[in-house]
């Protein structure tokens, strides 16, 4: 598992243009939101802007990691190794998680810079909320990217597959972020956080168990 | 296969008549037997269809998820046919919920649409399984599509409780535009309860019959293809 | 050790269809350990699918497949299989060495770095070890693929058109490496169109046609012709014509 993670990160580092492209894309979506909302309105909607931007850019990024695997058939090389398929899922998910976390950090900085969102009183809470959101997103996106990458209409299908399933995550992540940005601490996000944690656990386990079904032919 | 052959005579000869008769009985109950609700008047009568549609939709989706699980485990095409039938029937009733809901809400709540938790959840469910149908339609020639569909149906049903909880929390946070009177559930007359039970039975029979028809259609579709293939093989 | 375990591959009534298209029909095949089998056949005969089944990349839709006497296809079985395809299965953005190190690690090698370096030398890629695969030639890439497949010292080597796109020198390097692998007691199953090269490494040959095994025979080495394969070639050519004739007619 660590082997694959290490390889994925190396691959990500080699093709780091893609990571820069991801960050630029996030910047552009953020700017678009700002123009659409007016800076004041965008500041109001900062948590929503944050997660919507992240989800659309993140989906592209996750899909790319599977497209990289398909080139040259290296995906088959990976499947041939004696590594358990559940472990392949977890490694892929962690790889995506790390890349997305880096991008998310940049996005948060941009948000503070452009929308003058003040640094929250409890930065640790903001971090935890974001990580929890990222875990659930990576799990679902990784699972369905493995599915959609084999289909012809993959660019269209991945968002279609993932977005409705992400609704609970979007609701809870946005609300929890709103509370934390408004100066609340972790305890005040209680119910939202509980749903987020449940979401993460359910879909990480589901992905780990169902991944095998998606990779065999 | 044996389960199918054992069920076939009942499903073919009993279900359609039973469903028709109870449905006629249900219509009589709803329009003649049941009294008007005191606050809402005759509009309330749509409730018997609305609620049963919702339950039928859930039933269809849960059948689909169960069959999908069995399909992934055992790999028999019959389970995949049942899963597809479940989603199709579930979608039919889910759509009817989304149509009957606003019809009721307009005179009672004064608006066609409101982000009531139940309504919101239904619309999300509808999109999840609409994507299922879309996936099966766009990639129907992919040999692995049955397995992909099964994964989606399973994950979709796993998502239901999470959607329920989060949507409820979400609506609890925001002030509701319309203070909704609890129109549902207030069945003060015993005749209303009888009506609900009769309509429920009618809907269950209807769901079972539709499931059977869809399942048989999908199975025969497959069989025709197999025979076709064997013909071309022999011809070649 | 029981008798069943003497076979690397046992296929009984194996069939596979992709959706509605049957690709393999009722294939029954035994490959003894240490044997070299070459499968010939026209395009679309199901050769690659048969190989992918043996590689555990695909599951059969019917019949039963046992590898090394076990029908449970899991990590333990995969560890003993090496596959060379016309695709290299390596990452184009990583260097030759990084690719091999990754796969060595994935197979649980004790010293992945050292193993990668030694294999790069064996397939003659030591000079280009630090260049990304993307800039290497097709022949070099294929040699890397071979190193990738043989590095975990598999008991069963599966080759799908391994000579395709290789020049004569690279093809000869490949043949030599395969001969070594065979001498080391590995089972080698090859799928190819290349009659001469395919026969040269085979103990046994078969022809797959329309998803079924249409002909099977031992390959006599040391007969007529410059390579001692004259007899085998004639027999195979004859059988091939006979098997595929109805289609032409």
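In order of appearance the chains are A, B and C, and numbering begins at 1 in each one.
As a convention for this text, a contact is a pair of C-beta atoms (placed from the backbone, for glycine too) under 8 Å apart; a residue touches a chain by one contact, two chains touch by 3 or more.
These numbers come from a predicted model, not from an experiment.
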Task = If every step must land on a chain the current one touches, say how few steps get you from chain A to chain B.
result = 1
Query = Is the C-beta contact count larger for B-C or for A-C?
reply = A-C
Query = Taking each chain's centre as the mean of its CA atoms, how far is chain A from chain B in angstrom?
reply = 32
Query = How many angstrom lie between the CA centroids of chain B and chain C, rounded to a whole number?
reply = 50
Key: chain A-chain C separation of Cα centroids, rounded to whole Å   = 40
Chain A, residues touching no fewer than two other chains = 216-217
Query = Which chain B residues touch at least two other chains?
reply = 142-143
Query = For chain C, which residues count as touching chain A in their complex?
reply = 52, 55-59, 75-76, 78-79, 81, 83, 85, 87-94, 98, 102-103, 105-108, 132-133, 148
Remark   = In their shared complex, chain B is touched by residues of chain A numbered 140, 143-144, 147, 150-153, 157, 160-161, 163-165, 167-168, 171-172, 175, 191-192, 195, 198-199, 202-203, 206, 210, 213-214, 216-217
Key: Sites on chain B touched by chain C in the complex   = 141-143, 225-226, 229
Interface residues, chain C side, partner chain B - complex = 17-20, 22
Inquiry  = Looking at the complex, which residues from chain B come into contact with chain A?
reply    = 72, 124, 127-128, 131, 134-135, 138-139, 142-144, 147-148, 150-152, 154-156, 158-159, 162-163, 165-167, 169-170, 173
